[in-house]
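Consider the two complexes below, in which chain A is the common component and chain B and chain C are the respective partners.
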Partner chain A sequence: MKTFALITVLLLGGLLFYGTPDFPDWGDPASPASLHVSPYYIEHAVEDTAVPNIVTAVLADYRGYDTMFETAVIFSAGIACLFLLRVYRRKSARTRLYRHNLTGVTLRIAKGGKLPEGSAEFERIDSVWVPYDMIIKVTSRLIVPFVQLFALYVIAHGHHSPGGGFQGGVIFGAAIILYALSNDLRRAFRRLSEKAALLASAAGVLIYVGTGLLCLLLGGNFLDYSMLAEMLHTDAIMARSHGILIVEIGVGLAVMAVMVSLYYNLSSAGRHDEGL
Partner chain B sequence: MSAHFPGLVIIIPLVAAFLILIGALLDKRLAFPLTALALLGSLVTAIGLLARVMQVGVVEYHLAGWAPPVGIAYRVDHLNGLVLVAVAAVAFINLLGTRPLVVEAFGDRLGPFYTLYILLVAGLLGIVVTGDAFNLYVLLEIAALTGYALVGMGEGRAPLASLNYIFMGTVGASFYLLGVGYLYLVTGTLNMADLAVRLPALYPSKVVFSAFVICLAGLCLKMGFFPLHAWLPNAYSYAPDPVSSLVAPLMTKVMVYVMVRIMLFVFTPAFAFDLTAISEPMVWMAIVAIVAGSFLALSTRRLKRMLTYIVVAEVGYMVGGFWLGNRLGISGAILHIINDAVMTLCVFLAAAALIARTGSDAIDDMQGLFKKMPVTMAVFVIAGLSIIGVPPTCGFFSKWYLISGAIAAGQYGFMAALLLSSLINLVLFFRIFEIAYFEPFEDHHAEHPTGHGRVLSAVQEAPLELLVPLVVTAALLFALGIYAGDIVSLIIDKAIPLGIV
Partner chain C sequence: MESLLSNFLAKYNYWVYIGLVMIGMYAMIAKRNLVKKIIGMNIVQTAVILFYVSIGAKKGKTIPIIAHGHEETGHHAAQAIDYISPLPHVLMLTAIVVSVATLGVALALAIKIYRQYGTLEEDEIALRINEP
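Presenting the complex of A and B:
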């Protein structure tokens, strides 16, 4: 079997080498890839869409339909993880651990015992030993808002610099995951519940698809942002720029929510009780 | 509105996917009706689109209003118009039929299940409708990713089978992407029609040949063409029943469609059939696939597993028929995409009903089922006859075209393989009919009073909800057979480029 695999790999490698002599040279301005469609993008992106970042113009407008499905791929990944891992039948009364904040004493409360929920003196901790982590908690509490702010900047600034919905969404999601890591899963749920994350992931992609559908209802083709001009009180070209921003926000929301939802399911093996 | 049909056929299920998830968060019972409504919408649009194509010819749709090659275009001709209707119809019928099974197996996660289901269908529809080589890859990702998740939820070794499927599927999709990358390197475009215009000048290029081989290898892997089929039997037989009756009829068939599309309309027949010496080996590999698939099917005593090996053999039919390179063979291959989708749906749905009622998928446990589940078994017989190729069921007609094509091309080996496979299918199905018809029910249960934990007297006819789609599918098998001549002359004939005789 191993020899067979080796032969296959060698054949494939041979095929890849076979093709290389006819490749265009590196950075060759006369290569077909830089003569056919690319010049159009480079020459017309700004006048067509008023977006100085050509990559964003191609990604979210000329080939925006691909990007919509890329967002749907991420959404599918989140739902697939939820579908496979989520455990709905929870054993409610398991032993739980609580720490008395003043003395540092850990209480193990057996099945059916009285739980000190809502008491400020006790803090529920995960059943694997959790050390005091004041430095981590305080540091991440200081960092999280700035990370989130930066994420919003990245989403909003995709028109002018590298960035956009995917990158910004990942950064925003990372901020929430950092919060969940430095505290615990239950606190993260209080900030962004499972349902809210699911809702946001669906809503995010729906913003993208809905924008496209709106263009269709206004008489254009699907995702033809220029149709939004009247609604946004601008001309057709600026409408494309604004349309890109709208869908980038949708992408950001979806990516953020899917990241968080993936973390919730993976870290707690779908039980959403204790994790990491 | 009909101008937007090419877009709407995908957009309706896509929008529905998110609404289903949101709706299910409010009330789980909303998931099914929303899915059914969306797929019905998709089916109606697909039929409307096919009717339009038959009236006015090729329909193009420029997404975001950008004309190709700058933007992405959908291009519907007779070929994908027909496949679209088949995909939408199979997905819709399967959805209606499997509701009771889905509620039983995934009652606590209906929202995610139906979201994944409809995304899978949207992905497959998108693969069929698109006219852009890269867009096809993105949709392939959607269809594959959701497929892995749905397959992985089966019982027993399903997660392992799904993992295997992920590895192989990812390799297949990456090969396709690599091939498209090579083509972009030498042409600078991703639009299929534009590629077909720009490629002929580049036929001598080694890059184009590499792209051709890599693309073809990737697609063969994705469709489960014989030596590359290893992922298929496990993935489809361990998958939950409502899922295997969706992916088994559609996934492989759509990938065969992609092969036909890429070979005929990107590389063009001149390159695929004449300039490369690949037709002959492909037909021989198809012969091996047919024979191997048939014998592997003989070797198993499990119903679903047997059916998956038949799928492997059927892929051989279509690939072989296509690479015969003549009009008859290609017509047979395209007709078989449609017929096999419906046949496979029919057998897998019937198998799902049998397994749900008897609790076992061993062929030996099917004693006396003709008495207990007469309608389901009658449908199973019709589907079996169609797979064997008995007129007037549709299986006969596609096989007829394939065999005529083989004779016209002088490929007698392929003809012999088709006949041999029909004979083996005959044995396979009559073995089951014999057990289910002649062997009495009681004996088996007396021997194993608690053996499978099933109570024989409780075995009864499948629920009406499942029976109606089953009977409709069986009727479709006859209808497709009776109208096979019209389908070929009115639709398929116009789908094949004129240069092919």
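Presenting the complex of A and C:
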């Protein structure tokens, strides 16, 4: 098996190596990739859409269809993960561990035992050994709000600087995953429940598709944001800029929610009870 | 000899991506552990992303964000030669997210397989499928 793999891989590498001399050099301004479509985008993006970041303009306006279905792909990945892993099981099926916060004594509550749920003195802990980590908890408490703020900035400022819905959404999702990692899964559920995450991911896709449909209803093509001009009280060019922002918010919401939902399902193997 | 070397160095981005594709493909074919196969798949995806982004590069040119686009609209048209190609970046931006999504689904499948067969080794799974 190993020799077969090695031969296949070497053959593939040899073919790629053989074809490479025909490719343009690195950093060649006359490479075919930058001669045909991209000059149009660079020269016309600002006058067409008033968005200086050409990547954002191409992503959400010129190639809006592509990005819409890309968002749908992530949404369906989140749903697929849920279908594959999620198990709905009674919560009191197993023994549970509680830690008394003041003394550090761990209580073991057998199946069907009475549980000090919601008590301020006791804290539920995972059945694998979890030490009390003050440094990690305090640090993450300090970091998480700023990460979230930065994520919102990345989404909102995607027109003028590197950023946009995908990047901002991933950063926001990472902030929530960091919170879940540094505390535990149940605490993260109190901040963003499974249902809220799934609703947010669906709402993100809905915002994107809804914007496109609204343009269609107002008499334009699907995802032709300039039709929103009257509704937004601007001219057609600025309307495209605002339309891009609306769509990016939808993308950010969907990406954030799917990242969090993937983490919830993968880290607890679908049980949503005890996880990383 | 020297021209051969300079030709080789002028295309160094392709050598890196070919190396990554080979590593990833080898992991996907030769490794028995499913998680290692998934990591191999991810390495191949990274190689493709590197390939696309590197063909959009232009030596000494800046990122495709037009400086002060708002103020200077009208009397300063952007020249395509001054900015690197935005198109590969756009395509790869979405490809990165899709690769994360496929990674998530693949890991979910791996968890499901582990739950069913108690192992992630390919040959052991094959044994257990044929058992009953």
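The definition used in the following text is that the second predicted complex is superposed on the first by the 238 of 276 C-alpha atoms of A that agree within 3 Å, B and C clash if a C-alpha of one lies under 4 Å from a C-alpha of the other, contacts with A are read in each partner's own complex, and residues count from 1 in each chain.
Assume a contact is a pair of C-beta atoms (placed from the backbone, for glycine too) under 8 Å apart; a residue touches a chain by one contact, two chains touch by 3 or more.
Values in this document were obtained by computation on a predicted structure and should not be read as measured data.
Contacts of A:V144 after superposition: neither chain B nor chain C is touched. After overlaying the two complexes on the shared chain, residue contacts for A:A156 are found with neither chain B nor chain C. When the two structures are aligned on the shared chain, A:G212 is found in touch with chain B, with no touch to chain C.
Judged by the touch definition given at the top, the superposed model places A:A202 against chain B, while chain C stays out of reach.
Once the two complexes are overlaid on the shared chain, A:L107 sits clear of chain B and of chain C alike. Residue contacts after overlaying the shared chain place A:A269 against chain C, while chain B stays out of touching range. Once the two complexes are overlaid on the shared chain, A:A236 sits clear of chain B and of chain C alike. Contact with chain C, but none with chain B, is seen for A:D25 once the two complexes are overlaid on the shared chain.
Contacts of A:L181 after superposition: neither chain B nor chain C is touched. In the three-chain superposition model, chain A touches both chain B and chain C at residues 16, 21, 23-24, 31, 33-34, 37-38, 41, 63, 66, 70, 73, 77, 80-81, 84. Listing the residues of chain A that touch chain C in their complex gives 1-2, 4-6, 8-10, 12-13, 16-17, 20-21, 23-29, 31, 33-34, 37-39, 41-43, 45-47, 50-55, 58-59, 63, 66-67, 70, 73-74, 77-78, 80-81, 84-85, 160-162, 164, 166-167, 170, 255, 258-259, 262, 265-266, 269-270.
Contact residues of chain A toward chain B in the complex are 15-16, 18-19, 21-24, 31-38, 40-41, 61-66, 69-70, 72-73, 75-77, 79-84, 86, 88-89, 195, 198-199, 202-203, 205-206, 209-210, 212-213, 216, 220-226. The part of chain B that touches chain A in the complex is made up of residues 4, 7, 11, 14-15, 17-19, 21-22, 25, 61-66, 69-72, 108-109, 112-113, 115-116, 119, 126, 134-135, 138-139, 141-142, 145-146, 148-150, 152-153, 182, 184-189, 198, 205-207, 209-211, 213-214. Every residue of chain C that touches chain A in the complex is listed here, in rising order: 7, 10-15, 18-19, 21-22, 25-26, 29-30, 54-61, 63-70, 73-74, 77-81, 83-90, 93-94, 96-98, 100-102, 104-105, 107-109, 111-112, 115.
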